[in-house]
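Naming follows writing order (A, B and C), and every chain is counted from residue 1.
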Amino acid sequence: MHDVSSHVGHHAPPQGFFRKYVFSLDHKVIGKQYYGLGLLAVLIGMVLSWLMRIHLIAPNATIPGLKWLSSTGAPGGVMTPEYYLQLMTMHGTLMVFFVLTTVPLAGFGNYFLPIQIGAEDMAFPRFNMMSFWATFVGFCVLIAAFFVGDGPPLSGWTAYAPLSVLAGAGPGQAMGQTLWAVSIAIFCIGQLLGSLNFITTTLDLRTKGMMLMRMPLSTWAWFITSCIGLLAFAVLLPACILLILDRVAGTSFFVPSHLVISDQVISNHSGGSPLLWQHLFWFFGHPEVYIAILPAIGIVSHILINSYRRPLLSHRVVIYSMIAIGFLSYMVWGHHMFVSGMSPYSAVVFSFPTLAITIPATLITLIWIGSLYGAKLEVTSASLFALGFVSMFVTGGLSGFFLAQPSIDVYLHGTYFVVGHFHMVMGVAAIFGMFAGTYFWAPKMFGRMMSETLGKVHFWCTFVGAYCIFMPFHYLGLAGNVRRYSAFVDDYLQPLLPAHKFITFAALFTGAAQLIFLYNLVRSRFAGPPADENPWHGTSLEWATSSPPPWDNFGGRAPVVYHDPYQYGIEASSGDYVMQNSPEQIQTVREDKSLL
Amino acid sequence: MAKFVAVTLIAIAIGSAIPILLHIWMPPADISTHGHLIDAQMADTMVEAGICFIAAQLILAVFIWLAASRPSGYKIRNFPGGSFVLVLAAFFLVGTEVLALGFFGTKAWANIYFTPPSADSLPVQVQAGQFAFYFRYPGPDGKFGPIHPEMINEANQNLFGIDVDHDQDAKDDIVTAEMGVPANKEVHLLMHSKDVGHSFYVRELRIQQDFVPGLDLSLHFTATKTGRYEIVCTQLCGLGHYNMKAYLNVMSPTDYDSWIKQQAALQ
Amino acid sequence: MATTIDAPPSIKNPASGTRRVQHIGPETPSTGIWIGLAAITMTFAAFTSAMVVRNGSAPDWRHFSFPPILYLNTVVLIASSLTLRMGQSRYLRLVSGIADSVSVVRALYGTLALGCLFVVGQYAAWLQLRWEGIYLATNPSSSFFYLFTALHASHVIGGLLGLIYVTSKLHRGILYKSTLDAASRYWHFMGVLWLYVLGLLWFRI
């Protein structure tokens, strides 16, 4: 391994406001920019979810302010059915792309991956900057959909064809849908550049002594996720290109012949296949959800170990399981299409790897819980959210167990059971990973401690609130409550309305509780008590530099790594842990040489 | 604080299990011949998932309770067997469980989808379009007239675009807004979409199948109990998706015969 | 009288008249390009499967023969890979101090010229098709023809920009070997990719 210090000279310390804070090449600034973008997106997405939930229990209610957002979508402040679907589409798109793919991976990963491997910056700082600005432009194009013509598209974040191709199929399906497709295409490019950076950096820029197996689990998670993302987004981009061509260039990739809308035969499209869109989309879409959860798995593992004050029972098993999840994620996309009209034999073929993914996921969970046996537990906001993640991940994962079986999916497909499942794993568990990461790493990023009291209040409100919101979704699904309905008018849905009321109030309460987090974040950023280098007594390299780190991460001296990443629970000069870059010889906790 | 977390986890686990155990929100009673296999699969999965759920939350709670109140000078201990035991548990216990469910579930699935409809099943065509389902019966000749999309006209109620003047087979076709079927007779449902993607879902029948524009898909089922059931659309199809539904009337054979004659007279 | 045997020219002792280049730098471009090529491969794989599915989903595929200029363009692109290969070996000799950077520059300019000729030739193919009345939306077969050739050509243009960057670095005497390797690998891949696309179009279109 050649001395990485000769790779210095990517860029000199930045001068000037724009170079330092706006068009920065520094991965730390870029990470914070991604985080800020994700924060903005999640706030918008959350408000959209409130609007949706309010409409569901009171379809004719006048919502103050809504008519200013869209006078056609909400005349007099009363949301129309189409506007509900439009808000729902934007909610899903913002949350999946601009929150879940952005914050845990591009946000925290950009900031901490180079530091955790002892590098000065990412391998390609200019590509890194470009990837953020591409993502930002994609975000702006998406938000623009709110303000054009008929408004945003209403085809859901999944944009099934032909609904997403035919402009006459609904309000928002003209300019709004095109902007959506362009936005996502730009987002893909940002993600591809980001993945390129993460993978190259991890392979090439590790400091002396940082063998692959000595990388912290969060770094492994970012690395594996980037590998998945590289291939997944490379398929979404073609899908979006084909969609855009169908919409504007008169091609017929996805639209068959003889369709009739409003008594008019659609004559400028023929022969296309709507299932082609579904295959392309879900070939991306399934790995995408693992892109959303794996970084959180890595971050939560990293934090739990620190709170347990002992390494996990096996570092390698977690790594191999994450790799297995990544690999299997490419084989299961058809489980979104069990009742889609594809061959029922394919359904059986897809269900087995889907069920098999349970094994590595269970293994990781068993390791988390098993490592807690006989360990200590430092209770902090970060560790509370990390433990909450474990609980949510179990719940969400188990509901997936039902959906993985085609015979059960016949009943549960398209119901609130599915919505409950993915909100549990993505909308709660992954978000908990982000919260845990924020509480854990804010002292390092901002040099100031966040308030632990406010953090704990935030945890309680969110943990209980999230279960109150999303657990009932599963019961509604069992009763056959169909999803993506803007109102519940069917006979059999009427007895379910009280449950929906409960959910809406829980959602509004939990949403309001997020203000505690925001206040905590902003206030501590400016007025929190100063943080020292290693407030959590951590072992990995991010704790071996100042809070916040200098522009080149380690003050010009690349660290040398002597130990595995999680040497906790030992007797050493600094306490019950030894840092990775400490030359101190200690009786180590099972330096990982064997398979397990 | 950790003890509160532990107690909350246990409360959540038990609280979540209560509606399931009390059958508060459950699938409606099954009225099909194949549904019992699905229900059995669902019940098995619920038991297994339920046990795993409660066990995991409980064990997590207990470990949290114990771990947070260690005396000073406490030495870390390992889970007995270490990770090796857990790897074995994951592969063999979980692996067997999922394989078994997958295997048995395939039989339930095969029962619906791998078997062709019987020769004497009743063919009914259903067309999904923004935002309604319409049904067509072939009439005494047993044949459906061809569909001419350019003739579809909601205003003069030519919903399927059939040409009664020129197509012989279309003359006796019966188009209805509600679906009627006789009980205990296999129905062969021929599905196509007029415009975008839709889906056909009847909870009580335990069937669900998407309509894919450009594809002619089909399902077959046998309803066993008379009654009036809702057919709802479960594939996002536009602004009227929430309102897109029809009624399925399962009738006794004699009632069905008189119903179909009535409908024929209304054409 | 003492005899001295001159050591052969080397980086520390270059032959007179040659200009050295600083060639040791980070290996990251070399690693990075492999990853980029993986993504590009996946993209073309996705379009290929889209084409296969679309072909099978309806009986409306109409075959047509593509303009023969494509064969000429193929030769041009292969030739550009050969000139680039020459440039790469000349660079190694430059690094050892036994060649002049001018020779490398010439090989790079040759590659650039042939690359531009390829892109122009592809555009000529499009014009030829349009003259025959075959446009993007005429038929699924033509849609995929334009799509694949446009996609490949846009990546070739990206490769040209990369080669221009490499040439400018060489002029300034700071071209790292890994940068040249990365750009070259990308360019050769464009050739391989074109052969794949050509084969695909020949069999399917």
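Basically, a residue touches a chain if its C-beta (ideal position, glycine included) is under 8 Å from a C-beta of that chain, and two chains touch if they have at least 3 such contacts.
Computed from a predicted model, the values in this text were never measured in an experiment.
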Answer with line, ring, star, complete or other to describe the graph linking chains that touch. line
Select the chain whose centre, defined as the mean of its C-alpha atoms, is least distant from the mean of all protein C-alpha atoms. A
Leading the contact tally is the pair A-B
Averaged-CA centre spacing for the pair chain C and chain B, given as whole angstrom: 52
Computed distance of Cα centres, chain C from chain A, in Å: 36
Cα-centroid distance, chain A relative to chain B, in whole angstrom: 29
Residue list for chain C, restricted to those that touch at least two other chains: 57-58
Indicate the residues of chain B shared as contacts by at least two other chains. 214
Among chain A residues, those touching two or more other chains are 256-257, 271-273, 275
Chain C partner contacts - residues on chain A that touch it in the complex: 6-7, 123-124, 192, 195-196, 199-201, 203-205, 230-231, 233-235, 237-239, 241-242, 245, 249-253, 256-257, 270-273, 275-276, 279-280, 283
In their shared complex, chain A is touched by residues of chain B numbered 1-2, 5, 8-9, 12, 16, 19-20, 24-28, 37-38, 41-42, 45-46, 48-49, 52-53, 56-57, 59-60, 63-64, 67-68, 70, 74-79, 82-84, 86-87, 89-91, 94-95, 98-99, 101-102, 105-106, 108-109, 112-114, 129-130, 149-150, 152-155, 161, 194-197, 199, 201, 203, 206-215, 217, 230, 232-243, 245
Which part of chain C faces chain A closely enough to touch in the complex? 26-28, 31-32, 35-36, 38-40, 42-43, 46-47, 49-50, 53-54, 57-60, 136-137, 140, 143, 147
Please name which positions on chain A make contact with chain B in the complex. 80-82, 85, 154-156, 160-163, 166, 169-171, 255-261, 263, 265, 271-275, 308-310, 312-314, 317, 339-341, 344-345, 347-348, 351-352, 355-356, 358-360, 362-363, 365-367, 369-377, 379, 384, 387, 390-391, 394-395, 398-399, 401-402, 405-408, 410-411, 413-415, 456, 463-464, 467, 471, 475-476, 478-480, 482-492, 496, 499, 569, 596
